[in-house]
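Quick one: structure below, then a few questions.
Chain nomenclature is as follows: A, B, C and D, assigned in order of appearance, with residue numbering initiated at 1 for each chain independently.
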């Protein structure tokens, strides 16, 4: 029972700290672009403001539009709960493996896209159409990257994967290198960052995620925004813990946990910096370049899997 | 087997066989309808003679009945009917156009050789003295068929058909000393009915297409026109 | 007893086909009664199948019908039981749905009577295929099923394109049937008998076994609709009445899968890995092409039909994996893959029937086939919309619904690829897994499009205004199926336990480890390797949703929601024509995979009074590349052959003459 | 024994009665009564054969065994049902002025004559009489083919006459050769040289070379009558131009009888030859007919012509089946003879109604029968479904047996068979479907149609598809034993 409690606490921590991660990246970006920028905790202020605001709903919207924020948010929370953050001793890890994780995210996106189409504006449809196009290419790449890892340790269970990888000595697995590259590319696409999408744009012709949630306001928008921050954190966690699994506690000893928390925070900050740097030096791609980008991710992940079978099994 | 070793009637049958074959060639070569009919009657007469000879050689006198039937049908009735029709349809002098007469004749000669080749195993087997004649009858049948194929006029085709019938009859008589009587009668009846029906058809064709040229009967086809 | 119930199901179905002969004067009563009987048949089949599946026994009966020296024998074993359950369930639902749906045919000259006759025959044909235990009765039932469904497809025959669809359907059925003749012929030839019992006992030489496999693969594949033999499917399924489409797409394809499993696993035996590879390749191609073609469709039912191709592809991937593992002596994994395939059969039957029934309701209410003319139906038909949404989520393989479970199991089997000794095989399986992943994602995209365009947004034509939820029976059947989709999604352990009996019968090996960890956890290989706690996921989702809702919603009671017009960028009111359409929605994907289709895209310039028109046609390359040339070749040959009948008598006679000469020459 | 005589005599008497009374209004009733009584006597005959086994008449002229008894029954039955159809049909033809009183007399008289010759051909023990009867059947029908006196019908009649005449002469030559071989081995002076019972007993002793030669002539001769490609050319013409009842009988019965004759000879030839020559020849012709007819189905514009090609196709299949020769294939072939003749005659009857409804035989102008007259539309559809080999109809059973036997004995022939079947089906159905379904042209009117014969035929075919009655199975098995050496039961 205490394990379950731990899991809930962990999930809540991640949920609460997610805006900070988003704010951190944003702040770093501003700094890199020689702007002062809002402090990293600015997202909390935004969310608080949103929660106070009135909800305005389009007259053509149906219950899908109202339900979607709750579904998207809760699904993302559930996804977060299955990811090991500081320890692999996670009782809820058996709940869902990495395939289910991808499934949760897809479920959230399904409703997000439906919500975009619900009002019946051109923007919403456009956003949904682009979102599903990109995600339908990103999702298989993501799965492939996960599969490569999973095959490497013969498990799709995230705890097992991270624990197993963390226990190993440093070995150069070509497959893991490919998988890591694929994972990073997909993560950027999935979280709607440059060069696929620009989270801070509202330019009609380029936006994807923002187009879908254009009609939202008040607490609905709060949930949508929070969910997307949560997703960014989730993918960051996945990247740092899967690619650099060292530091994640293999036991539930308090000292281990504290140490692991420190390490993981450090890794996350570092990843945030890398993200900020890459977003600063790159421009957003044209929409129809995105498939090539995702195709690259897919190929990399596939290569990872192939090289695992060809080079590492025998 | 040497022909000299046979009895005189048997030699006679062989001679008649040769003559029948000749008459087939003549049929193939005729270009006028009335002479075609006459030649056909001549062939019938030769077969009649052969049958009579065979009756005496084999001692099976029921062959004489067959002979009488032949005389009546092939020599008198059918040629008579045909003459009548030709007169009534007024086509006595219609000239048959056959592709290349020389070529057809050569082909017919080839058929005789082929018949010989085909009938070889039968000849080896036969105990009858007149076994060679089976080649001749087969040749007559085939030449009759060739005639049906190479002639365009309905009357000529009928004569070709009837000469095939002659060949068959000749085969039955000389190789097996005739078929059982009931069969003979049945065949004769069929031939009789057939001739009557041919007559009916000549008139129909004539009224429908204005001539007896069967090449003009070509409406029923699967080829796109 | 179980078998007696199954026989009763067949008899009830046949009775429902006979009813019209008695009651032809009272179409309304007739239609009711026929559907009641059909429903009872479905129920009986369901019960019998379920019992056979759960009791893991097999029963046999011989009927004095069929060939004089080989009476029809029926066997009900777990495999047949599973499929009987599926067919029975969907039949039952269709019978519940039908009475209200066929009202519109009451006054046609081909009315409900005809429909009842052929529905009854169709269903009894399917039952008999599942029960048949000899090649003769199998083929008899098989062809009965084909020809009865042909009449159902051609039912609305006034449209020429429907006739064409039906014709192509029947033609393909005939071709498939002949291949099955060959397949069974090979088995019968070597085992000297038609009964499945003797066929099982015979082992064929590898060459003959492979030949038999190829024939069965093509024969059953034609009916199952694998690429490139799928062309009839998107034509035929949409034009039948919707409850029939549901049965054709939902269960008839499954019957083909059943036949294939029965033939290969049970009768043929001696599975080799090459067969598995063939299945894997074809299954992958079907899955990906099916979903991509589906994405391009605007006709709702045709889109669903293409999705059947996709799902059959997924099932075939599962079967292929199981064959590969079976041939390489990994019986556990083979059982896992087979269970995944069987599970997907069940799931696909549920959600595809659900979707077709929903589409039928939409069709009945709006009289529109074309998605481009729908929209906003969620407000007019709330119940249908919810059920349809469940179907969409299930078919998109999203948790916690049933589609996810079977795909998850398939993935788990594929991930065991490194166990194989052969590198080539090991490398192929990941590719299949990748394609499966891509398929799932594209399917989700496609169903966002479907639900978004049909049910959400603004109505695109006036008929929508009159639409309302259909009659109670039609709603009920959809609700039951939707609940089943959810139930099979959150209680997979029980299903897997039942399916175990089938694999034990076929492979001699079950998947015991999957359910070792209690009903909560599905652990196909071992708990460390992978696990999925479906009930926990469902309740976790529910709980977190409730918490979020409770935390946020009552926060400020006074904060009322304001209803306002949507943001129009200041350009004046929005209208329905400004929305994204189905084709514009799919446009990015069309551009990405443009090499796969033959796309004809043009704009007709408008004249005075006529607006310009944008025309988009997406053609199936396979049809053009494979079938059109065959048709042309045949007609060319026929044209050549026609010269044999040229009309000239003397030519005819010379045929006879030269035939004679030739034959004489040959024998001498 | 008396039943046999009665079965033969009744139609013979009918020829003369109807030759005088054929133009009267009662003619159709007389015709029907005669046919019904004939069927009744045939039934008695069948019972007798069932009870006592094969019957040989005094004088050994007639012989009925398991092989021909069911064909006799079938003949009498189809003769009867077609007579039911022919009455109203010919009345309609007379009403629209296509036939006059003389031709009506001819028609009815020859209807009986045709039945007589066919029954004679089936029941005779004498191979010569067999030939005479088959030739007689040609002669009886040749004027019926040209009954309408149009250019096409006269052309068809003439072609029918000449091609069949020439063909059948070859069969006579073959018969003479068989006789020739027989007189060698039978005791001298015996008159039994053409009796099938005698020949069959001594078949193994006869000279192989002569019989091989004879079989070629017989094959080409009777094969012409069966409609084997390339000897088939008369068949579509004759079927399409004559009155429809005639087409029904030609297709349903006459072709069967020619095949019957051929198979009888095969039984003689096989033991003598000791090899599979006859079978191989028949397989070759069967396959060729099957394929060519299937292809030509795609070139059809005339509905009766199309179905006559379908007959060629099915005769090809049967010939092929007998050619293969194992018990399965033989049983299938024998069964196929029944189901094909029942189904095909049913189809022709329906086609007759359909062409009356549309006023033409051109398929392009027949549309939406199911709307105009549902029973005719469904009859045509179900008939075609049955003939295409769909279950639960009997054609399916026989084709199933044929297929499995082919795969077993000649697997390399299975692919062409499969392709041929698909091609033929396509050809048949692409034309048929628009005739049955769709919307009819405005002027298409229902006619007075009696569909009972069709439904009875189809019901029988259905019965045979679901379960073969024991009696019939016994007879078929006996014939199979005679043909293939061992039975299937």
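Points to keep in mind about this one:
Assume a residue touches a chain if its C-beta (ideal position, glycine included) is under 8 Å from a C-beta of that chain, and two chains touch if they have at least 3 such contacts.
Since the structure is predicted, the reported quantities are computational estimates derived from the model, not experimental observations.
A comparison of the B-D and B-C interfaces places the larger number of contacting C-beta pairs at B-D. Centre-to-centre, using mean CA coordinates, chain B is 31 Å away from chain D.
Mean C-alpha position of chain A lies 100 Å from that of chain B.
If you average the CA atoms of chain A and of chain D, the two centres end up 77 Å from each other. Centre to centre, using the average C-alpha position, chain B and chain C are separated by 69 Å. With touch defined as above, chain A holds no residue shared between interfaces to two or more other chains. Residue positions of chain D touching 2 or more other chains: 158-159, 162, 166, 170, 213, 236, 296, 299.
Among the residues of chain C, those in touch with two or more other chains are 639, 642, 644-645, 649, 653, 656, 660, 664, 668. Applying the touch definition to all chain combinations yields A-C, B-C, B-D, C-D. Per the touch definition, chain D reaches chain B in the complex via residues 61, 126, 128-129, 131-132, 135-136, 139, 142-143, 146, 149-152, 154-159, 161-162, 165-166, 169-170, 172-173, 176-177, 179-180, 183-184, 191, 193-194, 207, 209-210, 213, 236-237, 240-241, 296, 299-300.
The touching residues of chain A, when paired with chain C in their complex, are 51, 54-64, 70-71, 73-75, 77-78, 81, 92, 94-97, 99-100, 103-104, 106-107, 109-110, 113-114, 116-126, 128-130, 132-133, 135-140, 143-144, 147, 150-151, 154-157, 160, 214-215, 218-219, 222-223, 287-288, 291, 298, 301-302, 305-306, 308-310, 313-314.
Only residues 375-376, 378-379, 393, 396-399, 404, 408, 411-412, 415, 417-418, 423, 426-427, 430-431, 433-434, 437-438, 440-442, 444-445, 447-449, 451-453, 455-458, 521, 527-533, 536-537, 540-541, 544-545, 547-549, 552-553, 555, 559-568, 574, 576, 578-580, 584-589, 591-592 of chain C touch chain A when the two sit together in their complex. Only residues 158-159, 162-163, 166-167, 170, 212-213, 216-217, 219-220, 224, 229-231, 233-234, 236, 277, 281, 292, 295-299, 370-371, 374, 385, 388-392, 396-397, 399-401, 403-404, 406-408, 411, 414, 417-418, 421-423, 425-427, 429-430, 433-434, 437-439, 465-468, 470, 473, 477, 488-489 of chain D touch chain C when the two sit together in their complex. Here chain B touches chain C in the complex through residues 114, 117-118, 120-121, 142, 145-146, 148-152, 214-215, 217-224, going by the rule given at the top.
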